[in-house]
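What follows is a set of notes on a single structure, which appears directly below.
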Amino acid sequence: MNGVMKMTKLDFITMKSQFWAYLSLVAIIILFWTMGSSVVLLCTSGAWFTALMAINIFAIQEKNGLDRLYGSVSVKLKEIVLGRYVFMFLNYLMAFFATIILYFGVGLFLNEILHITDVITGFSISFLMFSAIIGVQMPMFFKMGYTKAKVWGLVPFIAVLALSIAIQSFANTPLSGVVAFMQSHKDILIIGGILASCIIQFLSYQIAVVAYRKKKRG
Amino acid sequence: MIDNFLELKGVSKSFPGFKLNNISLSLPKGYIMGLVGPNGAGKTTTIQLILNMLEKDAGEILVFGKDNVKNENAIKQEIGVVFDSIFYVDSWTVKDTEKAVSIFYEEWSHDVFNEMVKRFDLPQGKKVGELSRGMQMKLMLACAFSHSAKLLILDEPTSGLDPVIRDEFLEILQEYIKDGERSVLFSTHITTDLERVADYITLMNQGEMIYSGSMGDLLGSYRLIKGRARDLTAGLEKSIVGLRKTDMGFEGLIGEKEAAQYKSCVLDAATIDDIVICMSKGGTKK
Amino acid sequence: MEIVISNSSSLPIYEQIKEQVKAQILSGELEENEMLPSLRQLAKDLKISVLTTTRAYNELDQEGFITSRQGKGFFVMSSSSNLIREQLIKEVENNLNNAIQAAQRASMSDDEIVSLLRLLLEVKND
């Protein structure tokens, strides 16, 4: 196992106490589903709540002084940071799979028509949103620690929420043209979304490494 | 051929408001070195630099003869670390802690860990956060011992612990170096723990290194001199470090060689505390 | 071999060890060719540093009371008890010389010195 995977495994063991939070996440997804949300909305709200919950690992890290554990074992700084990004990504994937299992499972049971394209669109948009949120947060948390970065960390959440509400309400304005364009060229949207997410995560990782290196970790 | 397990050569690190300046020390295989100094002396910073948790501005750090940055991962396989407060998640049990820490070590021994847990009487059911401070320290030690660490680095491991545990702790350390193949770097401001058991000592104050070498040489180089006011000649006053004058007389630190001339005064053996206190009062005259 | 260290003694710990080892050789508690505890075992039992026991043993070795055998440890030299006795007798000689000089400063005659010595020996033997 290389250093990155070791750190990711450690992160999961670290979050052991948050098991109930993971369960309530599943409950939230079910709740949204019962409200008749579309797949895209299910994926994005699942991702939004996942980001909210998974970022708690920084709180646990700070509270227990885990920087000292990371510093005393055989992993390089880059592996510590990358391991955390992988951890966040796996959290996202878990939420995403929970969502589509629910969607497909119940959908097949109720004999509903399932749209694979919607699922893939849902993945792209929700992953983009997830990347945007944690992409902004992670370098901040690595640099300042949980307590100091907490307030600033809320900004991307609120921004994304506000943006999504704004997009929905722009349905009847000139921007509706853009929305319509995107809806008719779903493949561009999907690929663009995934590409943008990767770029955001990559840039965020580079910044986070520099930020963590500068932090006093003792 | 002396095998040095730890070597610092001219190590410096600047912060706003504090500078660790030109620290050099050598710890050979099989011995215990105390890192002593008041709070803020730079002991923790030195340890962080050794572990590459901070980047040094200048100097060289060699662990087991290898550069501490270039060979960081290989070196850390053989280092056990204990800090003054626990660095495991408070909701973990002893078992979770082993699961988490053993991930990083190729030579983790489950048997040794269990043996340590039994020996230290660590309660398996409790969470780390529920353990007493002494138990937490023992848990960190148990992990440090379970991967064949050759060098133990301890940063104030016994601060806040009662004398019974501190005594137990020293015995554990002496047992650890008994085969002559392992070393200990032990930073503390509780000097009584070190005075008898440490072979080497590095004294620090305000980022400067005051002394680094064998404990016997340090304690043998100084005396505590006390006398009446009339015995304090100009010549004597110049030789004393950290002079303290009262109505009852004077006292201070004096070199062993100079002390021979002043047989009319009281000449006591100097303890590490005496040396640290007098030197921080009177500058770092040697 | 049993050693007891005093923290309040003015003698450094390594000196105390040396004294007690020599005393035990002389009294026969430590026999010729007997192996002493290892440096590290002694350090651990007495709760002192390894360098301290090393110094004590090295000096005893240099002075000829014990010897180190490669890979095995430190052993009492067969001639130690004689050596120690010689050392102690030398010390008596020095002390007696000092006493004689002091007696001469007090203008005591040789006969007075010898009587005083006899008197003190009687008192000691009671």
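The first chain written gets the first letter, and so on, giving A, B and C; residue counts start at 1 in each chain.
Simple rule for what comes next: a contact is a pair of C-beta atoms (placed from the backbone, for glycine too) under 8 Å apart; a residue touches a chain by one contact, two chains touch by 3 or more.
Since the structure is predicted, the reported quantities are computational estimates derived from the model, not experimental observations.
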| item | value |
| --- | --- |
| Identifier of the chain whose CA centre is least distant from the whole-structure CA centre | B |
| Longest centre-to-centre distance from subunit B, chain (CA-based) | A |
| For subunit B paired with subunit C, centre-to-centre distance based on mean C-alpha positions, whole Å | 35 |
| Whole-Å gap separating subunit A and subunit C, where each centre is the average of the chain's CA atoms | 77 |
| Length of the line joining the C-alpha centres of subunit A and subunit B, rounded to whole Å | 44 |
| For subunit B, residues that touch 2 or more chains besides their own | none |
| Contacts with two or more other chains, residues of subunit A listed in rising order | none |
| Complex contact set, residues of subunit C against subunit B | 10, 12-14, 40-41, 43-44, 47-52, 55 |
| Subunit A-touching residues of subunit B, taken from the complex the two chains share | 44-45, 47-48, 51-55, 72-74, 76-77, 79, 81, 83, 85-92, 96, 99-101, 103-105 |
| Interface residues, subunit A side, partner subunit B - complex | 1, 3, 6, 9-10, 13-14, 16-17, 60, 63-69, 71-76, 213, 216-218 |
| Interfacial residue positions of subunit B with respect to subunit C in the complex | 30-32, 170-171, 174-175, 177-180, 196-200, 214-216, 220, 269 |
